[in-house]
């Protein structure tokens, strides 16, 4: 069904962006409401077209964007998968926008914030709506930009500026992979960029090529979803305002990578899925361990995000892409909530270091409650959203390979452990000494979205629960997985163990390790606390060499390329320019010799001109003789 | 007999006016101020130009019993010679380095040499050619030595000695040629040489070579160019200007005529001339790169330019001849214009090193602009006239399949860009010495103005000139019938 | 007639300025602005009247000029030259606005400026090879003086270097032109006719011709290793000079490939495509690496031009519709983006008299409008989708990638995309972000004039980024014809 | 005696003149050498005028003699100038202009 | 060898020896006198070749005018001459070059088929005069112009200028 109105969905926030960037200064506080209204309108529009995805009828709107040997189409398309994304983005987005009106209150670049925010939403909506890889890539890049702008929103802070740049560059590395994937996909025989055509493409393209393409696309996902080894930007991205962290770096944008995999899933071959699984697993475990050691609220949450994204990627890797999407949705809600709550804490205390926090449950009851709900949801307490999605993944893992199931179960325990540690240390225990003012509950405009999100975080999982699963219907997967009691029990056990450990080790600070293991434990702890030195490794192995190469080439350019042309043995500035000229002509590397010869010849000419007229005469006579001999 | 003389004179008014004018000027200069001499000179020039304008000689005619030939080729070269004299006259009048007391003599000598140029470009007889050549030379020696400075006398001596050797060699060559053929007039020589046999041929070749040396000296062709830089540096600026154009014009005319005479020997001479052509431009440019004295630099530049000009000669086609004439015209204007600018500078600073150009733009923007224009034209930048000429020359070379000649010329042009533009660079740099405004005298301004107009105007609209050159020089005329081969 | 107007208007302006007294600065400025404005208007009219489905030359005007040499005044446009004409018109108008910050020797400046405009315009309009060469060289002189007189730093050196390099290059081209003229039968300079005879030229001669043309254009583009004049010239040129230098002059090189080298020696071009592609990739990567290491704002932008022009070569080498479209579009887009960048550098330099990146910092808070624009143009340069640079680079890469012979250079040039982000973000970070350098406490934001000179560029960059189809349609027919001419496909 | 011998004599005279021009240091000595060269040519012309019975060639010799006189006058004027300004009479000491 | 050849041989020897002295004698004055010897020899040869008028002119102008002028100049510039002046350093290369030139010329002309005998007879003065006023009237006029201008020019050049002795 053709439906040009689809374009309105991203157009609302885009228009808001345009207005805000041009006239935001004059709008003042109204700028926030403009953004909220735009998002709400997008949400409304999304909801009004609910029937089509449920009916399995995609809504399509296409137009020609470029021409070449063939027209390059761009198009929007709403099917179940994208509709879900739309709902998630618009609903969470508008709630976070509401929250931000309070959080960003008084910021000098208030309207600018909402402008970026709107642009981001527009891009994310566009990405969800895209019916081909090209438009997806365009929106993908725009999101990268928004991420950059928002991370370095408080650019006066050098660390924020650096973090923004790091995020952009790191994801760009992945983007280039995606771009290369698109190039390949466009030009393999029978290739197409349309998502709808991908299953056909997958059948017709040779497997090795397909593996290459899918891995390149996955590279994009690795960058955007901050998978190992391109994960380094995400923790630093916490330099941005907290609502940004909530929306972009937890709920939606980072999930785009997972969404991309889901979209292009038909292209993935067993070999590439194996890679996906490996990367996801590494990220999941590795980020979880780091999260255990972090002492900054937002960083704990950031690593937890990494870990959860890893989990989704694992699900993708074992082929359970509906489960991964399901986890994506639930994760969006509870992680957004976690971040917003953390933001509430930070807003109240101006502190985000765990060691300086504590006992906030009394002063901030709402925040404390919603944080708890979200934590439990993430940990997978039976009945809460997180439980259902994690359960689906665990189930799939058990079908895939038992060892994976156990690893993931351990991961689940770890998840519980770090989030419980965070919760306990933040809201219980002795109240930390306050600086200047007493912590207080956030204003209503901030807490109301929290409550709304808490409802979502608790209940949204039911749409994918066994028995009642409109979610899977939307995705076109009809054999809903059943409720598996052992798995549920085991995951509950993991939750219990995890929270207990968190209580004893994380909160009470008891070292449970036997003495002989303690040095090893400490070393491990240090390793994790330093994020496995990945940043340092990059610095040494990648950044430094690149900069050094740049410097080297620059010197090369100045000294050799220019110098080869200019002649390094310059006698005078202008004399060397003679060489410059000659060298250009000869196009040779060893031009110096020729340049010297030229000047040498010039000098010979000077030397001939002794000023003695009889020398000239002699030369002339000799010339006559020589010419007479040669002319025959 | 009276009839012959009368007819001859009718076709010979331009030369007669100029010759009488020079005589009058020289004689008067001892008694009247330079201003009067100047007036006489202008009158003579004007009369000569008028007479030349009325001369329509599309069909070649021998006059004065065959000593002189009036034809289209001669007409073109006579115009060029006259133009040179007129422009240099403006410079001589405006030259501060020439003492006022002797300016009259200088003007007279200039007209005298100009007269020689006219004769040289229409000589049709060995004696006439030798006489005209000596006339030009003697006048030039004197003009070069006109300054009270030591360098001027030195330059004159060098010029004299080199010139004497060259003309002596040439004369000896002529005598040998006469000994081989028994003829003195060009047409007779040509027909006599046409049927020459083997042992005679070698001797004739040697004689021809010796004769060509005289011409090569006049046009500063390598390896007979050695006098050029020294003489140019020592001579007064105006005289240098004259030397850089006038003798080249007449010398090339003589070369063309001699070439016609020597046509049977040409196949043997061609490779040598070709090689010397490339050598001339290359060595001229190479040496120019390291010069620091303006006049010396321009001397080498002249040598290089002669190299380009010779392309039009060595290709031996009508197109080449036309290109030669067109480029010669361009060269006349751009080089003399440039020298007018140099004269203005030398008048002001009394120095000749390249540094006098430094900051010229601040002192005299228009002067700097015209200098730049002339330099760019010399460098062959479109849409200036120099480019059109160069283009035609290169095209003529490529047309005859001598692409390598064009390549050599282009490489040379690229090399030349360096030193031409270097002067422009200096002009627009910050001044080091005087910063007061510099205002050239009227004569120099007129000279430079005329040259600017020509370089620009003929560059943008060369069509009338080209049409005329083509129309005149495509006619199968006697004077160049042999070198215009289909 | 319309096209002749494009050349006559600046000429009239030039003459009027020459007639005005030196002191009438306002009058001189307005005349220059009027002239360039009229040119802009005329070129927009041209766009309206252009029939994009026609591949052949349109608005052709021909008058005999030097019949003796078969030279005629012959102008016309097709889908390849129209974008360049538009670009020239736009940039010369905006740079003319930008030239108001020149504060000495106005008369000479604007006279030379208009001469430059004539030269650039003529290069893109000429259909007579001789005329083309004249305009091509005509550009050199005013630019030399713009750099040499109104430039900064080692301006004489840079101007000189620029002049000698480009002239040396174009002499090689002259040789090729002469050879072409010699070979053509009937002897003609008519570029359309010469193109028609392209395949008839023996391959050996074609190779030589291509080499000659290549040298001429490679210096202009500039292609590694002929690029060393570029950073010097760009850095020392006055702002409007840099804008036109990067915005238009470099495009003349690229245009030369489209208009001269490809049609006249098609077989050699086809043979040498891998060389072009390899050089393109080297340009992209090398330029980006060197840009990364720069500490001078302008120099960085200059090297970024080297990198970006590599895409033009890459696209050219592909001989696919996408690649060629991309190359042409990249020329247009790069003109807009670098023009904007140089204007911005100029704005900053006018106020602070330094271009050292490390001397700034934190200006984002102080001059938000400026910051916005700088970010905008940087993003355009690094190829952000939605802006013109992305479309061009995407098309180029897609086009080049499909040709097996040049696939590896294409893959290599992907590195350039990451590096572009790196150096552009470096600029943003060093200039705009971080704590405010106390020295620039009183820095003034963009003035109205500066706004006016930048805003059209912003609009165009966005327009092409979002709706490139308009320009692509204009280019399509002519490019198809060119590709067919060269490859027979 | 044959014509051949006289031609040889003229050639010898010519070469001696050239040798003198190359080796004489005194400026006036150079003028002497020039006269030798001119005389060689004159001798040739007179000889050949006899051979071909061409009177014009004898006239040519007349002109040569006249021009030789002119050249001597000019040469001496320049030499006097040189001695005034350069304080030397030797040609190889006039080396201000070089390079 | 017939009788006509004897004076020719003697005169030739005179010319050669004189020329050799002109270029080699250290004393310039003697060299100038040797030049007179050469002139005399040439004049004699002219007579032998039947060009009596030319011989007369040769004696008048060369010996009477030019040589006197030169000797005058030598005496005038006497004060600038140095007694002990080393000979030119390029004598050897100059001699080689001149010899080579001579070899070339001699080889080229020696092999030619010249008339075995110099044709007899003498030029009538009238013929010569006729040539000068008819065929060569223009050169004749021109050379008179040259005389005038050269003399005036030479005076202008040789005249002492301001600030010079």
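By written order: A, B, C, D and E. Residues from 1 in each chain.
Methods note: contacts are C-beta pairs under 8 Å (C-beta built on N, C-alpha and C of every residue); 3 or more make two chains touch, one makes a residue touch a chain.
For clarity, every value in this text was computed on a predicted model and none was experimentally measured.
> What's the overlap between the neighbours of chain D and those of chain E?
Shared contacts of chain D and chain E: A, B.
> Based on Cα centres, what is the most central chain?
Looking at where each chain's C-alpha mean falls, the closest to the middle is C.
> From the centre of chain B, which chain's CA centre is farthest?
If we average the C-alpha coordinates per chain, A ends up farthest from chain B.
> Look at all chain centres (mean of CA atoms) and spot the one farthest from the centre of chain D.
Chain A.
> Looking at every pair of chains, which has the largest contact count?
Chain pair with the maximum contact count: D-E.
> So, what's the distance in Å between the C-alpha centres of chain D and chain A?
It comes to 96 Å between the two C-alpha centres.
> Suppose each chain is reduced to the average of its Cα coordinates; what separation in Å results between chain C and chain E?
72
> What is the distance, in whole Å, between the centres of chain A and chain E, each centre taken as the mean of its C-alpha atoms?
The separation of the two C-alpha centroids amounts to 102 Å.
> Centre to centre, by mean C-alpha position, how many angstrom separate chain B and chain D?
26
> At least two other chains touched by the same residue of chain D: list those residues.
In chain D, 7, 14, 17-18, 21-23, 47, 51, 56, 59, 63, 67, 70, 74, 77-79, 81, 84-85, 91-92, 94-99 touch at least two other chains.
> For chain E, which residues are shared contacts with two or more other chains?
In chain E, residues 88, 90, 94, 97-98, 101, 104-105, 109, 112, 135-136, 139, 143, 146, 150, 153-154, 157, 164 touch at least two other chains, as defined above.
> Using the touch definition from the top, which residues of chain C touch two or more other chains?
Residues 160, 164, 168 of chain C touch two or more partner chains.
> Once the touch criterion is applied, which pairs of chains come out as touching?
A-B, A-C, A-D, A-E, B-C, B-D, B-E, D-E
> Considering only the defined contacts, which chain A positions touch chain D in the complex?
Residues of chain A touching chain D: 606, 609-614, 617-618, 621.
> For the complex, give me every residue of chain C touching chain A.
Per the touch definition, chain C meets chain A at residues 157, 160-161, 164-165, 168-169, 219, 224-228, 286, 289-294, 320-322, 325, 362, 364-365, 368, 372, 375, 379, 384-386, 390-391, 394-395, 397-399, 401-402, 410-411, 414-415, 417-418, 421-422, 425-426, 428-429, 432-436, 468-469, 472-473, 476.
> If you look only at chain A, which of its residues touch chain C in the complex?
21, 64-69, 108-109, 112, 137-139, 141-142, 145, 148-149, 152, 155-156, 158, 160-162, 164-165, 168-169, 172-173, 175-176, 179-180, 183-184, 186-187, 546-547, 549-555, 557, 561-562, 564-566, 573, 577, 580-581, 584-585
> Would you mind writing out the residues of chain C in touch with chain B in their complex?
65-69, 108, 130, 133-134, 137-138, 140-141, 144-145, 148-149, 156, 159-160, 163-164, 167-168, 171-172, 174-175, 178-179, 181-182
> Under the touch definition given earlier, write down the residues of chain B that touch chain C in their complex.
Those residues of chain B that touch chain C are 361, 365, 376, 379, 381-383, 387-388, 391-392, 394-395, 398-399, 403, 406-407, 410, 413-414, 417-418, 421-422, 424-425, 428-429, 462-463, 466-467, 470.
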